[in-house]
Every structure is written in structure tokens, then in C-alpha cells.
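So the structure is just underneath, and the comments pick up after that.
We call the chains A, B, C and D, going by the order they appear; numbering starts again at 1 in every chain.
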């Protein structure tokens, strides 16, 4: 029985390969996580278990997809970055996005009981949506990352103050909202300190900075590499010899994937980790 | 602290709304399921537990997304159909695809232990990729569904014969492959019957037909409705009154989602279930 | 000298094939025609020479591209329709749009002196932009055509009244604009009739209805064909035998391309000319 | 009379804005120019009048669209480059491509009689198709330009030899083709020189190098500017003050548009004309 009569329907599928030589950022977001976090009693303003679960899922995604060079997460969202020379799945947008969304979801569900041992999941289950965006230059990519980290800071300062007013200041949600309307960062810092003796600077880094996930190699001295300019000058996918590619893969597999809470807006983070922009594995640190 | 300096990066996100007035099919596929099925010892040619798990995940997706009108699954793939008038997520491709992929994955992982109680999951976890395709006419949509069901039949007849040769005929894989090369359906039926006394027609319907998932209403008499022509004539999203929409929603929520193994190529399946093409809920059957 | 070092840049070109089995409408618009029409002293509210030039260019486009089934023009815009089964240029959007825009422009410039013999063109020259839009069903296509013809009527009634107030009523532009603000069709008809003894119904059809361009065959009796339903049911490009295609081509080449000013909103226009929706050449009328 | 009933059809138009911060190249090609050039008796291998007409049309396009920074033409094709910061027409692909194609065609037809005074145009008229491609980095853009110039050289050397064999060597087309099959540049140079005493290096630059069109400012010393790196570092459209933009416009309007036949593969061309990559008008040369 031939299938040819119906096979013409395959022609309706449209190609979705992303523009070559651009950085691909896949961002995923929790669907309806306000409701979800209430159902499972997430602590406010930040639930450490929930963040650790997000980070564990992100680390697993990076481990299964070594083509991802760096990831950054805040709250219920995570951004995964593919190097501009990446050719995974021929850069097909749907393949890249759904593979990340599905892998992330799988680990989020699978690892849930590790981080929430006393509250088993029940339907409706948590899920994530996602999208891919192309950024032509290193500056665009870094501005994207900076945008997310600034958002993390803005939201966390707001939420920390908001929930302090409610939890320690006995305010209602509307009252707290009203009070914070139009305030600047300085005002919120002042409220936290004067009313609740909270020094915002001493809050945990994971809440203030979010989480950045990457492969760990030996830091280099600032000024010794120029990975950003090299990356911008890179015109097409570098075609290594087969051996070189295999070597790189083994190198990457050996590298430890770390989760840090660092400033990714300033140059230093990128200058000292040239492998993030060059896509060439760094030097594996000595045993520690 | 304003975020305006970096916010320009939002402009790089490109719209992906699918063409209005077309049927949207989101098909998802298991990633690397050959390896995965070996790891967990899936039975060959079909593992009933694995299919039941796929079906349970598909039913959960339909339950969470009432905008899906029908779904069809074979092996490690599932197709979900949105009516041509569907306006969910403004028809943004990424939102539709990732929501389905993520929800499906979540239930697949969550329900795994129900169907495989003795073999707990371990990394790397199963995952799925997906894509959305638009079909302009009812005929295109039905041809797509027929294409998948013909594929189901072709693959299942081949696999049933192939594994009979191996499991009962003591052949090696290469030998069996060689023997089946270029054979027609009649040959395979003959091999099954003469060598192994297997009448392919008596094989379970779920293996021969795949699984079709939909909301169950009272069947209508063929010829009394013309949902296909009505659907093709429909030019734009029908704007019901708010009340009507709410009523439809309640109606749908009440309807039982069933999983059947029927012929979806012939007209009868569609003629007797006009709600699948009209998107108007049918009559809820009396208690049985 | 091999060109291979630079040829990778070809990979940046992205496919733009339009969704199969949908009607393709290419609409072109004059760029900056208000200024242009002032420069060449176009008569207001309608310049017959300018419309005749537009129509002559459209006829030439249809003659060079027999795959176009119908075209409709008003003012400085023209819409060209490709049948849903059309496979010209593999349905690549850029090829279809630029070929029409370029051919139209070529004839507009070339024929200018025929219609404006006393006012030679000088830079900046007139030009047109264009875009392709897909419509899945016959109803969508007809609604598109109706939309343009309703626009023609609305604009022409307004412009006829506006310019009567100025040219015969000695009003200034602002005064006329103010007077017409918020008026319904009936008011404008009334103004034309009572003030200027103009019966709008007696205005030339070309101004009231626009221009529709198509191949002329023998009209059929309404109700004898059902081209719309047949077209909607058509699922994929019909694959004729080579001979059939050649025959169709010759048939089309023989057919006279006519320019009419008819109502294309009502069913009659389409019912009596089934070849417009079926894409099958009709019967060539006897010599007249 | 309201138009609302049909206006929903506007929703079928899909956005086509090109990725920000990328160089946009619009390339246009003559449609069926082999046939066209035979019809009008173009000289082989190069017809100077035809090239001059192409160049005149390209210059007119650049004059009407000051956002174009550079153009490059060979044979019946022309590439127009918009700076990566260009925001013309909100970077809508169709608007950019059709405007260029239409304007180019208009001038080609209009100026025809200047360059071919003795052979008036007759239907079918010459026309052009076009497409837009995005290039993320300066290197990609320059590689695109180099690709075209290398093509020019390869084609011209081949055509020069091919037509010498035919016109001066009395060969037939097939025989000449056969003779040149698989030959390298050196062979062709040798054939030209030994058989026909033609030194290919002495052929006119316009044939060997093609034509590059740009605004003329004072050349700068190589090494004093780094426009390429600056351009790559540029992350978003530069928002000048309104005054600055107006000044730039006036500056550009004053600049002479020149047509040269230079090597655009080597660095020197770009190093000495930093305004091509920086998009900042250079210094207008003193009267000469």
C-alpha cells in the first residue's frame, strides 16, 4: 500500500532555519507560574527550592546539549545561548526551541520530588513555553543578557520590599502596592533599612543576580584575549577537522558545568572567560 | 534603575503568527526513541505500556488545552489539531508548539511510573520535539490525518513481520531486513500467516490503526450534517457572544475525552462526528 | 579562479515559498502618488487618462503572466490574483511580487506618452511598491475583492462630493473637509444632487466600480457550475498531463483580456465566469 | 457605508520586517535577459551601452533612496546595500525590495532611448526581479561583495575568450564551449594572447571589475579609521538628534554619486572610504 496519494501534505511544512552567523537565544518561561507557585506554597519573595530546581533542570539541559555555551535564569524563566557558529539541527528554530523546552520540562518534573519531597505534583502540571531570537553581534547578545539581569534586580528589589511590607509590616497587598508606586531604588532600599533593618546588599546573591550556568575552565587575565572582536569578525561556521571537533567535544564533556550568581553586565565576567564568546574550550582547572 | 538602555533587544524578536483561517497541526516526535526504547526494554514490535503512556499524556494535553479538537498518535509521535478558527495565543506558532510539547513531556514523565512501575527513569530523560503546520482546507487536513494512519499501517505490518521472523523464526535482523526488502503488503500477510499462523487482521486495533483522541458526543446519522463544507466556507473566526463562548466551554469541559482506534481515512468517521470539523460541541450522550 | 571562498554567503538567503493551496493576491500601490498627480496635473477627483494608463499596464502584466486569473484596480493601486493551485516560481513570494511590480512599472513608463502625450515624464519617476498575501478560501478571496471595491465606492463618493464643493461650490479644502466630516453616503448623495444637480448613480462606472481585468470566455448560466466549492475542495496542485497543460496555455493565449467595470461583490459576477475560480479555460466566444 | 464586514481580510497580511542590526542587500536581476539581449542586438561579450544604462538606472535609484550606501553591478544584475542601522520602511522586506525594483525598472525604461536611440523598446518589455538578504557582520557583507566581483571576473574572462573564439576564431558555439570546458584562468589568458593577441589585463576595467556606485567624499589615509570594527560594535540604530539627521541628509544630497570600476575585494577600497561602513558622511572634496 503506497502512501504517495497523501504524501503531498508534507509540502505544507515551511522551513524555519535561523539566519546564519547570529547568536541564538532560546528563552523559556513558566506558564501560569503565579497560580502554580501558590498551589505549592512557594515562599515569597523567593523560594530557594524552586530556584534550585530551575537551576538543576537548566544544568541538565546544558549537559544534554553541549552546543549551549551559557544560560541565565531568574524566577521562572531561563535563557539558553547557542554560539553564532552553531549548526545544531541546521539551526531550525522549532527543533532548537522544542528540544530545550521539552528537556527542561522533563527534568523539572523528574527532579521535583528532590526539591519538594513533601508536596507531590498533581495535575495541572507545570509547563514552559519558549521562543528563539537571533542577535547579530556580541554587543547585542551581551545587552540581552544585561537586560535580563537588570530585570532580575528591579524585580527582586521590588518584591523584597513588597513582601517585607506585607510579612513584617502587616500591610495588605494593595496598600503595599500603592506605597511602592513610582518609587526609585533608593526609596526601596531606605524602606527596607529603616523599617525592617534589612540591608539589601546583604541579600543572597542568587536573588539579586540570578543564576548563570556555564562550563568552567581556568580564568584568563583580562586584556589577554579579545574574544568579542574575534567572534564579531567570525564570518561563517568554522570548519574544523573531524579530529579537532571530536577533541573539543571530549574537552567539553570533561568540563564541570557550574552555576554561579555573578555580575554578567560588566566586562570582567566575559573578559576572564573568553571561551563563552570564542566557543573554544578553555583550560581545565587543576584538581581542587 | 531604568532598564531602557538594554530594552531595545526586545525588537529582535520576530512575529510568528500563523496564517488565519487554516487548520493548525502540531506534531511532536520522541527524540532518540530507538535508543530510549532499548534502554527501558520496550517490547517489539509494539509495547502496549509505552503506547498507553503516550495516549495518557495526549489525553492530558487535550484536557488542559480545550482548543484542540482532535489528536492522533502512532508509535512515539502525536499530532494535535486546532480548528481553523482557533485564536489561542493569537495563533503564535512558538507558543502553540512549545505549550503542547512541554505539557506532553510533563505528563509523560509524571505518568511514567504508572505504566512502568518497575523501571524508574534515569538521565538522559525522554523528550520530544515539535512543529506547527497550516492546512488551508478540510481536505488537506483529512489527507494529513490519512497520511499518518497509512504510515501507521505500513510500519506496523512491516514491524510485525520483521519481529516475527526474528522472535519466532530465529532470523537475524539483517536477514529479516533482506527478506522483506521490496515486498508488498500481500507478501507480508502471507509470510505471517504461512510461517507463523498469524492473521494480521486479528492483530489489536491499537497497533493497526493508531490512537485517535477526541471529545465524545452523540454520533449523528451520516448525511445529516455537512461540517466539511461549512468549515471550508467559514471565512473568519466566528465571533460568538460572550455567553455562547462560555456555554461552549462548559459543554466541552463536560464532554468525555475518549481514545479510540478507528479508521479515520474513510468519510464515516468524520460524517458521524460533525463537531470535529464544525467546532460546535455536540450532544452529550445519555448516561451509559 | 574558484569562487568557493565567498560562496558561503549564498546560505544567508532565506526561503519564502508561500503556503500551498492558498490564493495569492499581489497588491501594488503607487509611491507618493498624491505629489506625483499634482506634478502632472491629474484631473480631480478622477483623471481618466491616468486610470486608462493603469489599466493598460495591468492588461500587459496579465498578458505576460498568464498564471494571473483576475486583476482589480482602483486609483493608483492594482491587485493581481494567482489561483490557489498556481506553482509559478515555486510560489516564491519575492519572485512573484517583484516580477509583477517590475512589469507593471515598465509598461506604466513605456505607455505614459500614449496617455499623456503632452507632458513628458521627468525625474523623480513614478514607481510602485507591492506585497503578496495568501487567502485560504474562496470566501476569503472574494471578501478581499469586495473590500477593495467597497473602498473604491467609499473613496469615490467622498472625492466626487469633496471636489464638487471645491470646483463648483467655491469652497476651500479645509471647509469642504469639515463639511463632509462624519457624513453618511446619503448625505453626500444629497449634497451632490441638491447643490450641483449631480446624480451620483449616473457617474461613470469606471469611477464607481473600479476596473476588473480578466480573460473573456462565454458566460455560463448561473447555477450550472459550482466553481467556488470545487475550488475549496481542491486539495493540491492539479497535475495535468503535459498535453493538457499545453492546450490550456494555447487556450488562454487565444482568450481576449478585457477590462470591465462590474460589480464583483455580488455572486453573479463569479457564478457566470466559473473559469475565474476553477482555473479551467472557458469556451471562447464566437466572433462578434 | 462601512467597510467593516470585509476588513478582516487585512489580518492575513503577515509582517516581514528584517532582523535589526544586519546589513541589507537587495539584489535585482534582469528577467530573461539572454533573449532580451538578442532581440535588441546587444554586442558580445559586453555591450557598453547596456552597461551604461544599468549604471544610469542604479545611480538614479541611489539618488532617490539616500539610505543606500553602496551599489555594485555586473551584467544584468545590481546589488544595493542598506547600512545595518537603516530603519527605512521599518525594514519591511517587501517595501525595500519592490521600491528598488520598481524605481530601477522605471529609469531603465525611461533612459532606454538615451542609450539605444535607434532601437525603440517594444513588448515584451525588460523587467527585473529582486530579493533582500541580511548579513550580520561587515565581513559577511564584504564577502558578499567579493563574491559578486569574483563572479564578474570569472564570467568576463570566460565570455571574452568564448566570443573571441567565435568572432575572431570562426568557431561555432558548441566547439568553443567544448574547448573551454575545464580550463583554468591561465589557459584562457593564454588562448586570448597566443591566438588573438589580446592581453586580458588591458581589457576595459568596467568589464573586468564591474561597476561600484557610491557617494564621493575625500579619501582618508588607510589606518586612520576603523569603520569595520566600529560598525560591528554598533548594537542598535543610532538615534541622532533631529538636527543631526537633517544635517546628514543635506550632506548626502550634496555629495556626488560616482560610478567607478575598482577592486572592492581588497581592504584598501573600504579603508579609504570609511563612510561606506560607518554611515557618517565624509568630507566633501574641494571643487575640482
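Everything below uses one rule, namely that a contact is a pair of C-beta atoms (placed from the backbone, for glycine too) under 8 Å apart; a residue touches a chain by one contact, two chains touch by 3 or more.
None of the values given here were measured: they were computed from a predicted structure.
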Winner on C-beta contact pairs when A-B is weighed against A-C: A-B
Of all other chains, the one whose Cα centre sits farthest from subunit D: B
Chain centre separation in whole Å, for subunit C relative to subunit A (CA means): 50
Subunit A-subunit D separation of Cα centroids, rounded to whole Å: 43
Subunit A-subunit B separation of Cα centroids, rounded to whole Å: 32
Multi-chain contact sites of subunit D, meaning residues that touch two or more partners: 8, 12, 14, 19-21, 134-135, 140, 143, 235-236
Touching residues (chain side subunit A, partner subunit C) in the complex: 8, 11-12, 14-15, 17, 19-21, 235-236
Residues of subunit C that touch subunit D when the two form their complex: 1, 3, 5-10, 12-14, 16, 28, 31, 60, 63-64, 93-95, 97-99, 101-103, 105-110, 121, 123-135, 140, 143-144, 146-147, 150-151, 153-154, 184-185
Subunit B contact footprint on subunit C (complex, rising order): 19-22, 84, 134, 136-137, 139-140, 143, 229, 232-236
